[in-house]
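Below are two complexes that have chain A in common, paired first with chain B and then with chain C.
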Partner chain A sequence: MSAAAPGAAPVRDAVEWRLAAPLGLTYVVFFAAPFLILLGISFYADAEQTRLGFDSWVKFYTDAFYLKVIFDTLKLGVFAVVATTILAYPLALVFRASSPRMQRVLIFIILMPLLTSVVIRTFAWIVILAREGVINQTLMGLGLTATPLNLLQTELGLVLALTQIEMPLMLLPLLAIMNQLDQNLIDASRALGASKWRTFFRVILPLTLPGWIAGATLVFASATTAFISQSVIGGARLVYLPALIWQQSMVVYNWPFAAVASLTLLFTVLSGIMALSWLGRFARTT
Partner chain B sequence: MASQHTATAQAAQPLTLDGVTHSYGTGFAVDNVTLEVKGGELVALLGPSGCGKTTLLRIVAGFISQTNGKVIIGDRPIDVLPPNRREIGIVFQNYALFPHMTVAENIAYGLAARGESRAVQAERVAEMLATVRMEGFADRKPRQLSGGQQQRVALARALAIRPRILLLDEPFAALDKNLRLDMQIEIKRLQRQFALTAIMVTHDQDEAMSIADRIAVMSHGKIEQLGSPVEIYDEPATLFVNNFIGSSNLLKGRVVAVGPDGYRVELDSGAVWTLASKGRFETGAAVLVSVRPEQMVLADEAAPDRLPVALKLSLPIGGALIHDATAAGGEDIKIAVPRRPGALSTGPGTAFAALAPHARPSLFPATSS
Partner chain C sequence: MSQRSTPADISFNLTVGLIAGIAILILVAPVLIVIATSFTTTQALRFPPPGLSLRWYGELFDPVRSAPIHTAALNSLWVAGWATVIGSVLSVLAALAITRVSRPSARALEASFLSPLVLPTLSYGLAALMFFSVLGIRPSLNLLIAGHLVVIAPFVFRTTLASLTQLDPALLEASANLGASRFYSFRRITLPLITPGIAAGAFLAFIASMDNVPVSLFLSTARTSMLPIRMWGMMESTLDVRIAAIAGVLIVAILVLMVVMDRFTGLTRRVSA
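Up next is the complex of A and B:
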């Protein structure tokens, strides 16, 4: 091959930013612009959008009912994260110890719920949780309870359903990192005299924390915004921010107030995610 | 050094493997291995990958439960103990330092697991850092250390718990060649200083030869030969050991007579040698004669005990000149002769190979392979 012509500009493998233009444009038109409009609407004082003012914000953040909705939404996200964590870690440890063949079977079982729509999974939970549902009939059949338990339209029932529905989101990142963990580190801990529990808390947990944070972020974000599950299982008795937004915008037609609730939901989810990534700074994995 | 007194205070305990067997579904990973490692002795398990040496090490550590047989430290069977109660120090090939902990936290890990106080931990960490000459590295993370430094920390961590047995899993495999000798000396020094009974797993014969008191050569889950490095090298018990340890020339031949000073063997290449052997051979038996390259010499003239060889290539490797040649019988052989300063490689030609005066060839039945 001939040498490059003298004086020719060196060929640089520069990043071609224009490749990102289609997605960037879509983002600007369908997210950034609506977001600004939403922010603008929130500063109308009345439902008819005739006056500007902070009335909607003030009304939302001074009413104990709405503050409780924020708190309940946050609490639901935290409960979903806690429940999925408690179930996911033991399963991840089992997965890690399984043969590659068994791991493929487990992955299939874990992914299966994702192949079904959230609506169908939610309605399946109604069948399970209802007064004449699977759980109540079993409990009554065993004579453990005389009257059927109220599971639908309760926080417990909703957390149960969400835990199953969101489980893959927690498991997938956790399994990925769990499988990469060097077995020698676990063996070293054991040989140095650490019990299995100590090994879990001192070695396995800290080294898999990044995977847990990724999973917890996904579970928190999707549990707090799970409009369908919250409405169908929670019903009218349990009100969370997504249902409030729907009600204010589609039933009451108070768009400024709905805008405030929307932005509040956004900040609620963001605050949860930021808290988790802040926790990630303490994950001293390297 | 204060550490020397405290460390040598406890007597080294022997480690006994009694008929240890480990089988996977179809075959044996470890097949009825019996091995007695004396107190304070370093035994190397040497063999190719898949020979069962690592499985054996993991059985001793308690990471695998053997199918059969006993592991005994001192006079106490430890098979029923989980790994965390065996008091065994282990150094892994990749060191397995906890990446999220500092050097000091790594070394203190085993002490913390034993519920030692912070003061005791700090004291022992300082002592161990001094022992492995890593003072000043206490607050570093493992990734900030070189391979050799990581290994020193791994040793310090293993020794901090005052183990009864030290297990070394391919301890030098991940090190630069130049560092290996330093670390071999270091490990030998620490093993002596702490009077530790130790087992080292390796596939590298040079490592095993340099620091082991005895070597157990393993193949297919069994110990082929157990002996001192010199015995293993000079008197390989089987053809496998012979071929695995060092390089050797295999010459085909036939026993023509059995005399008081050994077997008279006529080589296919022509020469007749009288060879002593512990093996038993009938007159007329086909045999393989193994001669190390450095136990052969070259001459210019033919003689009854010399075999004609066609020299192909000669390479000056350090102080030796290695001749690559083909024997009259068709075998490829190598002959290493001391190189005179200034001597250059010689070209192709015909020469006559004989045994050096100190040569101790080994005899094997030709049917074994």
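Up next is the complex of A and C:
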């Protein structure tokens, strides 16, 4: 652009720069300002918002119950990342080896659940995990268990459901980077006598790490905030930050406390994202 | 590659194939199970269904008994439509502003425009509720449009930015050298070339709005109910088989839209490349 008319470049920049203003302004008013209000409200000491103070923060961070909720939320995010990674990498390898036609079919299969409402996917897992659900019927049919297993309202059931719900988020960046991977590097590794296992762990895995980090970030952020899946499949016994935020703000009407929980969720997700990007930088330098 | 298959290589192929098969099963099975369940004859959510019928679809389309669901669906369509249109226009403008500027401030702006994709939108939903309530604005569909807009704009922004980056600058230089005004070049060259990208983004944005829970959870009320929240309510109280019928309708709608969008924008290629 600027090469065509070097003299005019700054003026053009200024004109084009201004095109970002409408979206920028929308973000300032409807995105940044609400977060500032949220932060402000968290410094009210009481539910009626009459007194300022750090009481809500102190109450949240000194109570073992709430600390456990933070830990459980982080743990759920990590489990979802691990489970989607284990399933997504082999599928991405198969995708890479497939014909273009087959690749389109696979993309379709991956996009389909992504575009199906999260509520519907959660609903599907109720049908699957329920006492008379698909898994219990299969297990009892095979004689593996005499009584139906309790899968709903367990962490295992929730992780299983989240794995399906979040897997497309892991797959899409992974498939993109897998397709760009230079076949010569794999061939070289094989020609030098490395087994497929060794080639995968020493060549493919390090080179596709940026795609994995992009996917893991999305899965972590999504799994930790999946309110509907967490509350419907996890039930009342498993409490995560989103349910706590909802309950405090819409049931108990303690907005300062809900604001603290909400900012804690924000920090939790941000720390997860930062840990992942740090991992990415660390992996590049070693 | 395959001339020397050592036991290690065979075990690798078997492991990869087996896990990939399980992954595909996990991805596809729930969708199929829901569709099958929607045709059941009984009140119970059983798979496989004991008998097949269109009973629940009949219930779902009953204008009296399912009126709340219809209202919620229309609200969701209205909000998703407006949020997508406004969000697309703003995002395309912003993407045009940012692509050709390489200053660090432009990269920072790009990152902040994309931030709603990874930041927990649930935190944002509560923040938006508090913001509007501090300002004394009563909940309405317009507030929902504003809330959804912020969350779904990044989808259009991202795909538009990607199309603009792939655009050959030589085309615009040629157009300028031939005397075309900047707006004429935009209308005749840039816009047609980035339209598929915009459309793919707008499609994803629309779906994201239709599917949005975290923002609607806080901004919707009994009078401005949204479909996903209504469905969540139906799931919490009684496991109404109509949910499966809604799922069936939505899945078919998405499938049709996906095929159309794929023809038009190469959606499946766009996502994988």
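Heads up, the rule we're going with is that the second predicted complex is superposed on the first by the 268 of 286 C-alpha atoms of A that agree within 3 Å, B and C clash if a C-alpha of one lies under 4 Å from a C-alpha of the other, contacts with A are read in each partner's own complex, and residues count from 1 in each chain.
The rule is simple: a contact is a pair of C-beta atoms (placed from the backbone, for glycine too) under 8 Å apart; a residue touches a chain by one contact, two chains touch by 3 or more.
Since the model is a prediction, treat every value here as computed from it, not as a measurement.
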TODO: For A:Leu139, decide between first (touching chain B), second (touching chain C), both and neither.
DONE: neither
TODO: Please work out whether A:Ser195 is in contact with chain B alone, chain C alone, both, or neither, and reply first, second, both or neither.
DONE: both
- [ ] Name the chain, either chain B or chain C, that contacts more residues of chain A.
- [x] C
Open item on the list: Let me test your reading of the model: by the given contact rule, A:Tyr27 touches which partner, first (chain B), second (chain C), both or neither?
Closed with: second
- [ ] For A:Ala45, decide between first (touching chain B), second (touching chain C), both and neither.
- [x] neither
Open item on the list: Just to be sure I read the superposition right, which of the two partners does A:Pro206 touch: chain B = first, chain C = second, or both, or neither?
Closed with: first
Open item on the list: With both complexes overlaid on chain A, does A:Asp187 touch chain B (first), chain C (second), both or neither?
Closed with: both
Task: Those residues of chain A which chain B touches in one complex and chain C touches in the other - done: 187, 190, 195
Task: Of chain A, residues touching chain C in the complex - done: 1-5, 12-13, 16-20, 22-24, 26-27, 30-31, 33-35, 37-38, 41, 86-91, 93-94, 103-104, 106-113, 115-128, 130, 132-134, 137, 163-164, 167-168, 172, 175-176, 179, 187, 190, 195-197, 200, 217-218, 221, 224-225, 227-228, 231-232, 242, 245-246, 249-250, 255, 258-259, 262-263, 265-266, 269-270, 273
Open item on the list: Help me check something: in the complex, which residues belonging to chain A touch chain B?
Closed with: 182, 184-185, 187-195, 198, 202-203, 206-207, 283-286
Task: Residues on chain C engaged by chain A in the complex (per definition of touch) - done: 1, 6, 8-9, 11-13, 15-20, 22-24, 26-31, 33-34, 37, 44-47, 89-91, 93-94, 96-98, 100-101, 109, 112-113, 116-124, 126-131, 134, 146-147, 149-150, 153, 157, 169, 172-173, 176-177, 182, 207, 210-211, 213-214, 217-218, 228, 231-232, 235-236, 239, 243-244, 246-247, 250-251, 254-255, 258, 267-269, 271-273
Open item on the list: For the complex, give me every residue of chain B touching chain A.
Closed with: 61-63, 82-90, 92-94, 96, 98-101, 109-110, 113-114, 141, 143, 157-158, 161
